[in-house]
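The structure is given below, and queries will be raised subsequently.
Letters A, B, C and D name the chains as they come in the text, with residue numbers starting at 1 for each one.
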């Protein structure tokens, strides 16, 4: 094996494959399974202050070339979810607490609790494309976003990651703004706004009508976002979007990502996808005479 | 693509008080124990075991317990629903004399397995448990396929008075049973698992489901076992290690709900 | 045959399949072939004031689930291109002149010339994702866009369509802005920003590095854009993005499009794609007892 | 996916003044007359006819005329280029005695067709035309496969003095030719088409290419015939109807350029 270790801010990862937020991370058991399947880090589902049921079904469907979902940020609330994180206390794999809120005060409360429950970093979900008041509304308001990040940075000592959306125009500006507010890394990308209409009934299939598009089809969109940020802003990047194979991950590293997150590929290849991808990365590195990942990061623009 | 296929109701039939079977055109093979995601446009999408299957037609049998099942209950011939699936693993039938224990609507998801066992010339003893007489269904259908059918009701309005699991305990004492298959209230199934000791045991679980694709994690039990994909049928050996089994499930927000 | 006719503002189309801008519309011959293959209308490639060579190759590649291009708006300039349009004088099929510029004055000049050369409408390309100063920079500047549209509307009498990008956040606002400025229709969507990196060389394959993603993979993105606009803004919409079959077109009609444009599908199914799609629409309409297209438009939200 | 596959140069060989053949590993079948898109990372991607082909190896032969061909010219063994294709239709060889007329680098794209004709035991007369003696190439290779090779140079430095098309005119008078295949300067090919009257004629055209996928429309001639997909080889009957043929092509911006 080549050395698959990577670093994002203060976090050391034994391998660069992280579980993406919102997938197989409802409880300690599922997260433990993903760890056993080789994930190098776990991002929890996005957690808010209070319990939310999310939208009615259909919440997830598979399209021709990707997955479409509108879960509506279901979660049991930070206090209940805290127990799931605490139960992971003994794991050596970094646990990153994803949180969402509509304002800085709530974000700070959530971040403090996440740190208290044992999370090794927090990931701010300011990019959910289908949850009103949360998500994109927050991520596209530059001054609000700056306020949220700075407030959190003043209150906790674990790293703060910000997950952004491909649905914004001025991506590089937003990334610079995030960097200026002292965030420790950017996670790109969240899902792309999308919709599927059933022809027989004439109805959008998702109960929420619009949803977020993920999986294989969105990889070229994620790659360009990571590349554009990496080239213009000096901040670690975690790449997400359509990563299904080791080669997909390598494309993200070359674009400038220091680690990757994997979501929809669990549907395509099962939970063992983490092991598979690590093996494929290792094979590729060896075939191409690389000794470690670091040599690869940003190869496309350096 | 894994999206609902629209089909229309061909028959709608009252099985018992508040319980109906609807059938619809939906071609393809199904393993007994698998389920569909049933989309009622504008209402909800819910998991439903396949209770009836021919090459071209399929059916589901359900109790009217809430918005979605009420909507299904009111559908008439020609009305449209969306079906995706079948999903899940289904039962694996092993041995010569099999005991099936269905509690409540559980018999709906066992029916195809029982008929399959009979087609394979296996001996099938079936216990159908219900709260009361007018909630019993599939008794005739199960007899027709050649199974030995025993009935229990909580109130003794017909058959054995008491839980289906208690009746099963008696059967286990009297007959040599090679394997047990069950679906019903989880505490009943848990009790049954205690009774069956070394006899191979498979139980079908119900958990709140969203994707049914093994992706969202909503339906997980134990160490990330996805009821929608790794289940809904689990072996007794697996269930014994899962502390959730018979203790709690989770609602749509992920909160634990004790049974 | 059912009635496939449709109307967009003053334009009458015998069928709703239009050739999308930038594909097989370099010269009169190609456009004539697309007409012969059944296109209900032709959009010219985007034309500027002066000749532009565009970017060096690679300018177009096919990805797993779509096409990625960065042509760089190559065109011979409006005066030379005018001859190609003039040569189409006798056709009964509407010819829509696509134009791009960086400011209102140039846009007006181009629009007047297009009308003079015989175009039946103009389509403002304010959404090219990879041409600096033109394209997206224009489309995301609300007051500039308003100024451009109003100025043009004062100077020409043929309808003015505005082609927008899925890469903007506040899609509905932008659409409302376009409607308020008196544009006659919105064309949605142009390509989605994307990139492909070659793993062996570590280089983005397109000479321009980033490009625009089109084809099958982007259909869910286009559908949601059309739906969101149709539901919120009262303006005719022409749907584009990933349309490859009659059913794809029907999904766009249900989302609210009055006509569709077809680009990448010429790669997937050849120039005969127009005839194929019309036939498939017709079959679908008949099977579902529709007599004409109008009954279908907006079915998903009406 | 239709993206360049990276491969490395195996051999680079000087054919004549400013003309090289490079070979590289690239498996798959090719029809004589097809071309590749050749990506020189950081420089350009350009169309190049396949001039050499085995099951696993392919080659191209080109004149150094600009940035991209200069970059190709300077490549050494082991250097990387990207290849996609093969694209286009290729020739269809019909008849017993075939005449091939290659002007300039045109012989590069005819070479495989000539070798194929000889493999099929057809009689092949080949005219290689060049400006001058030191630009001639493939004479030996063509003789080796058993073709009758005639040479013309504009300056008479070797062989027939004059255009290849004029030499062809003589051949047509003397021999019974069943079909003519040509590649070279378009006016030469146009002249040749005039000479050949009813004899079946196929010419390979060059146009500025971008996608090579039949999508962008950059390479179109006549009524939207895509040289990259519907060509590059066209029948004389088609070419006679195309007013662009031998008259103009278009540059990268789409402006007409007279030949």
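The rule is short, and it goes like this: contacts are C-beta pairs under 8 Å (C-beta built on N, C-alpha and C of every residue); 3 or more make two chains touch, one makes a residue touch a chain.
Quantities reported herein were computed from a predicted structural model and do not represent experimental measurements.
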item	value
Shared interface partners, meaning chains that touch subunit B and subunit D	none
Identity of the chain that, by mean CA position, is farthest from subunit C	B
Mean-CA-position distance for subunit B and subunit A (Å)	36
Centroid distance [mean C-alpha coordinates] between subunit C and subunit B, Å	51
Residues within subunit D bordering two or more other chains	none
Shared interface positions of subunit A, touching two or more other chains	63-64, 196, 203
Overall pattern in which the protein chains touch one another (line/ring/star/complete/other)	line
In contact (per the touch rule at the top): chain pairs	A-B, A-C, C-D
Partner subunit D, residues of subunit C touching it in the complex	22-27, 29-34, 36, 45, 51-54, 56-64, 67, 69, 71, 74-77, 80-81, 196, 198, 200-201, 203, 205, 207, 263-264, 266-267, 270-271
Subunit C-facing residues of subunit D, complex	1-4, 6, 37, 39, 41-46, 80, 82, 84, 209-211, 213-218, 220-225, 244, 250-256
Residues of subunit A touching subunit C in the complex	63-66, 68, 136, 140, 166-170, 192-197, 199, 202-204, 209-210, 213, 216-218, 220-221, 223-225, 227-228, 247, 250-251, 254-255, 284, 299-300
